[in-house]
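My questions will all concern the structure given below.
For clarity, chains are labelled A, B, C and D in written order, and residue numbers in each chain start from 1.
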Amino acid sequence: MPAQQRTGLWLIGARGSVATTAAVGLLALRARIAGPTGCVTELPAFAGAGLPGWDDLVLGGHDVVHTPLEKRAEQLAHAGVFGQSVFAAVRSGLSEVDAEIRDGYHPAAHTGAQAPAAERLSADIRDFAERNGLARVVVVNVSSTEAPCPRLPEHDDLGALETALADPARAVLPPSSLAAYAALRAGCPYVEFTPSAGVTLPALQQLAEREGLPYAGCDGKTGETLLRTVLAPMFGARALKVRSWAGTNLLGGGDGETLADPVTVASKLESKARGLAALLGDDVTAPLHIDNVPDLGEVKTAWDHVSFEGFLGARMNLQFTWTGYDSALAAPLVLDLARLVAAAHAAGARGALTELGFFFKDPLGSDEHRFAEQTARLLSWAGSL
Amino acid sequence: MPAQQRTGLWLIGARGSVATTAAVGLLALRARIAGPTGCVTELPAFAGAGLPGWDDLVLGGHDVVHTPLEKRAEQLAHAGVFGQSVFAAVRSGLSEVDAEIRDGYHPAAHTGAQAPAAERLSADIRDFAERNGLARVVVVNVSSTEAPCPRLPEHDDLGALETALADPARAVLPPSSLAAYAALRAGCPYVEFTPSAGVTLPALQQLAEREGLPYAGCDGKTGETLLRTVLAPMFGARALKVRSWAGTNLLGGGDGETLADPVTVASKLESKARGLAALLGDDVTAPLHIDNVPDLGEVKTAWDHVSFEGFLGARMNLQFTWTGYDSALAAPLVLDLARLVAAAHAAGARGALTELGFFFKDPLGSDEHRFAEQTARLLSWAGSL
Amino acid sequence: MPAQQRTGLWLIGARGSVATTAAVGLLALRARIAGPTGCVTELPAFAGAGLPGWDDLVLGGHDVVHTPLEKRAEQLAHAGVFGQSVFAAVRSGLSEVDAEIRDGYHPAAHTGAQAPAAERLSADIRDFAERNGLARVVVVNVSSTEAPCPRLPEHDDLGALETALADPARAVLPPSSLAAYAALRAGCPYVEFTPSAGVTLPALQQLAEREGLPYAGCDGKTGETLLRTVLAPMFGARALKVRSWAGTNLLGGGDGETLADPVTVASKLESKARGLAALLGDDVTAPLHIDNVPDLGEVKTAWDHVSFEGFLGARMNLQFTWTGYDSALAAPLVLDLARLVAAAHAAGARGALTELGFFFKDPLGSDEHRFAEQTARLLSWAGSL
Amino acid sequence: MPAQQRTGLWLIGARGSVATTAAVGLLALRARIAGPTGCVTELPAFAGAGLPGWDDLVLGGHDVVHTPLEKRAEQLAHAGVFGQSVFAAVRSGLSEVDAEIRDGYHPAAHTGAQAPAAERLSADIRDFAERNGLARVVVVNVSSTEAPCPRLPEHDDLGALETALADPARAVLPPSSLAAYAALRAGCPYVEFTPSAGVTLPALQQLAEREGLPYAGCDGKTGETLLRTVLAPMFGARALKVRSWAGTNLLGGGDGETLADPVTVASKLESKARGLAALLGDDVTAPLHIDNVPDLGEVKTAWDHVSFEGFLGARMNLQFTWTGYDSALAAPLVLDLARLVAAAHAAGARGALTELGFFFKDPLGSDEHRFAEQTARLLSWAGSL
């Protein structure tokens, strides 16, 4: 891909914590007031991959809330996600990004068929590309986790789906999948960074196939699950038998509130549980909780307790506590994905980008959860770009 | 290697916790009263490697103490390393092993040149091989950690070393290295499972070269360091900057007592620190302590606190507590090493077995500390056997 | 109280882990093969209180299961609650205790009115007292936690309750409360060591009043809650503002299984939450989980994360992990309670023994949860006996 | 004490983290932009004690460094000890405090007898009192921990000490004790908030006695030791036998650097160890470390591992991790002490204020380390003021 090509990054949930941190970070990187810590694509292995530079990325997005980006960034600075001096330095740049954010699709506020809504979303992205002279736009969903989506027959067949979308009496797609539909219809690769349905519906993968577009997901792997996919293979390699792996996550922020809803949290817990079962088998007791603890603000704390059996039945355990700013962990990965997916698109890739499993709790098109193997695969792919 | 060939495992420190647990475990595996949990060489990947079977292994060794193996095993069962029923089932088998243990070399009790002492040690091993009709004997040092060994010119040159060994006025080799010398002189591969000097002296590696023998080491990677070599690469792969990695180890047992000596513990701390620096660079603050806490008995508890920096300078941390029976973690690795080194010897390998870095804190002949890479390398090597 | 008076300890749930450990422990104390670690009443402050001696206590009880006590003790020894040698030493004594265990009341197996069932339970206790020449019998409920009991009007009025008990078409009392009713009708003080309804119903407290009997409860304070009532007052005394106190409990054994039921666990969680709110106020976010992790066996592990605010809004936190054998923590307290309640009864105490709040998560008749204050009150009361 | 009396708080180490935080906090409290979280003397129990109000306190002090207070406060705000908005609000007030800071005594920079140096320090305090019309001045040492002070005969006898102080060839007092001497000579009560020698020398206590002045110390109890004195009594009250209590402290800031010196850290470790031994006896294994981890900045993290024995020898453990801003924990206690000691002085108290053990790791004149008992004693004393 010619490095000079300008590339769009269109964020669904563009005013959320992750998107705001990504915007602040991109502006800070561009202004050389912050180093690329946490940006995987700045590692030496990616030097020759011809990825778009920080100066080539243009931000825009959809959101259903209207808090100005500057206000959100101020809150995040106050919460300690980044420093006041970073915020002060990028403040004015944020209003330019703000100008590229359009109203998202809100099911409660919408009436009539979903097709025209999708068309409006696509048009927003196309206008953004044109207005900014972009070679391509990568769409990434970083909005709040949705409740699990009841599966309909239309989700499995693109033709049936498009018929249903035209029906004013039905609303067959959850917002994340409508966003994915709109992105693909606009000719854009789509990345699902949350555990929501998004592009996971077969009908949407048929659409990507038809349009010759790549996609990736699901659910950014930033904390507890990252550690699990690093640690679980160790037990396997050492022939130690994990008997139970219990986890508790405490989080505040909007994420904590969203996940306090028992229906919504089910999406997240399922996504987390799948990985552990894939790594250790189904016979491991694995209770898992996500608690909303508002006073923790943007900090997320996970405690895991792993009980395992060794030689001659010896019972041993490992506990860990991970304390991090989830937005600070996720945001650079979102920027990384924009660069990598843009390069894949430029190179003609289509379908599930299984080489990007490194980034996800529930990698689309792959059942490789072991982090070291995912790392090796990503680096080897980057070398081939 | 013909699977039916009988293979000796000669343990230096044959009455210690690790050796005793290995003996109990081998007898239990042979009697089918315990499964191979913790035995890496029982993983499917090793099925076709032609390793000696449990029934092919014969145990013997040197030690400077005379507590009967049965007594030591009883203490370990009482301490919870294995169950009373396992102990009861293997009790009689232990006395057979006991009959193959000979007096080790004790510097304080020895007078005169070291050469005849080494010759006596070699003879013990040769007799053992002959008496039991063994195709080969792998010698593994699992005795107590020695104080760091002051480096002499003779350690770098085999000729000079052999001259010095013949000098009744000098004692140039620490016990572990004398054991390695004796092993190699008896035509046996040598494995250094402790952080002692053992086979690390260049003169001994010249000897191994001359005799066409393989060797491996150093310092079995069983707990805190295992986790460090699993976790540190994750930070690297995610471009996160580790700023400090503090560790505290609490241990009782004889190990705790040995390591309570500030001079001796230096060997262990150096071995542990080298790995972390190799993985993360030298600019990580890494205080490390080993405390003797007798009431913990055979249990070892390690607490690590990792402070790292993410995107835009966000400060985050990871803590873990690992609680394990060190002997139960080490013993199956000793059995694994016996099998693997025997197979390497049968296949004509000589020099440092760098493919076995998987097992060691301070892998001889390799600067690869990343556990996943070590695992891949071990498995690929096993496939080629 | 004359120290020589023989005193009965009648356990509801006499074959459970706590009861079995109490029986093993009492026999071991009597045989002088174990010291009184964990027995509060053996502290010097209780020396002059004239409590019954270990030799004066006689054990019996009700249970709905029939596993012999010896079998249960063997399982607990295997699980590490006490040593094999302790088990071997008390084995024969356990069969004597076994002979004093009668069938408990099981709602599913019972038909007809509850009154005759209660009468049968009372008779069992009276027979026990008579057969053993006991001055008094203290009844302690250590059976499995029940689901929360829906409140009926009869629970508030003794007359109405007794009418309902006689009605063959109704079953108004949960098993714990029927046991309390039977105990009080047999003239025995009653201690509720679980979070079940037991003696907490007003009608039963009226009965205790009428019969002039003392009672105590509820829910033995052995682990996480003990720590909470020790730590929470520290924050208060230092004017630090606790903002959240999250907890996760992992437990196996029968207790884990019982509490895996979401309805039953509600009793326990309510009991735990009440204490925290009493200590810190209602505005503390306090998610709390109890997970069934069978492989942990008799071990219980609790992790608590306390987030608090200090001077000028500084955000700080405390985490703790408590790992214990719940039965080993509870059993000596049950023996302590038997001695103390017997002494209170002998001294003519009636009604709620508020001085015993030290032992309970949810102290009957008291809203003092601070452990240091409970300790002071207990010791001062013991001094007055 | 008439509440309207203006009271001085003279800080030795007035430009350090604790002093700066105390200054920022006092200004913030006075400006009503921060609540009194962490200030014990604002608890209801102290309402009637007639303590000086926040508006009555005037700050000054000695220091050997010259960094402006505003600069130090800016660093602390950046490190997260308090918010940028608090800093901004008190910024101008800090320069007024700065104007009351005088050069401290620096042994390396001093030549000649110590007596005139002490006289100069006393004069600074007297001038401060006069200039500000203060009824009294409380002197509190919050400077860096000194290395343990070798005991001289002059430390035990005031006459001998004063003779030695006049000798130009000798320097018999460490800086903290010279500060205490100067304070007492100026007629001011003295509080030792560090583990340095300060007022602990018998000769200085003779001086306090002669001058009729109260004093208090040593070593503010803010984190790990606070928890130990809260938790250790629990084990005692429950007759549980603590076998080992291991601790590791990680800290950055200036404090970490000072305590990285193995000689200096000895003072701190001794002070910490004394309390544990007083609470649990001498037979508890209690390794303790303090590590300098610069990247932690102002955050202090302590990990403690307590191994204890329960009924029938059951082995259990408790671990905790405490993460706090040491300055935020210490500063309000310094303000509390100023108020309380001022009130005690006004009430005519003299000698060691044993009622203030609540605040100290190593309470002068008292061997009561149990926090709940210290709390009760403080509150009862406050009630009597």
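Methods note: a residue touches a chain if its C-beta (ideal position, glycine included) is under 8 Å from a C-beta of that chain, and two chains touch if they have at least 3 such contacts.
Molecules present, by chain and UniProt name: A, B, C, D = Myo-inositol-1-phosphate synthase.
Bear in mind the structure is a predicted one, so any value in this text is a computation, not a measurement.
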Steps needed, at fewest, to go from chain B to chain D via touching chains: 1
Contact-richer chain pair [A-B vs A-D]: A-B
Euclidean distance of C-alpha centroids - chain A vs chain D, Å: 49
Interchain centroid distance [CA atoms averaged], chain A/chain B, Å: 44
Residues of chain C touching at least two other chains: 80, 83, 309, 319, 321
In the complex, chain A residues that touch chain B: 21, 24-25, 28, 34, 36-40, 42-43, 80-83, 86, 226-227, 230-231, 233-234, 237-241, 309-314, 316-325, 328-329, 331-332, 358, 370-373, 375
Contact set on chain A toward chain D in their complex: 78, 80, 83-84, 321
Interfacial residue positions of chain D with respect to chain B in the complex: 243-244, 246, 248, 250, 285, 287, 289, 291-296, 301, 303, 305, 307, 309, 315, 319, 321
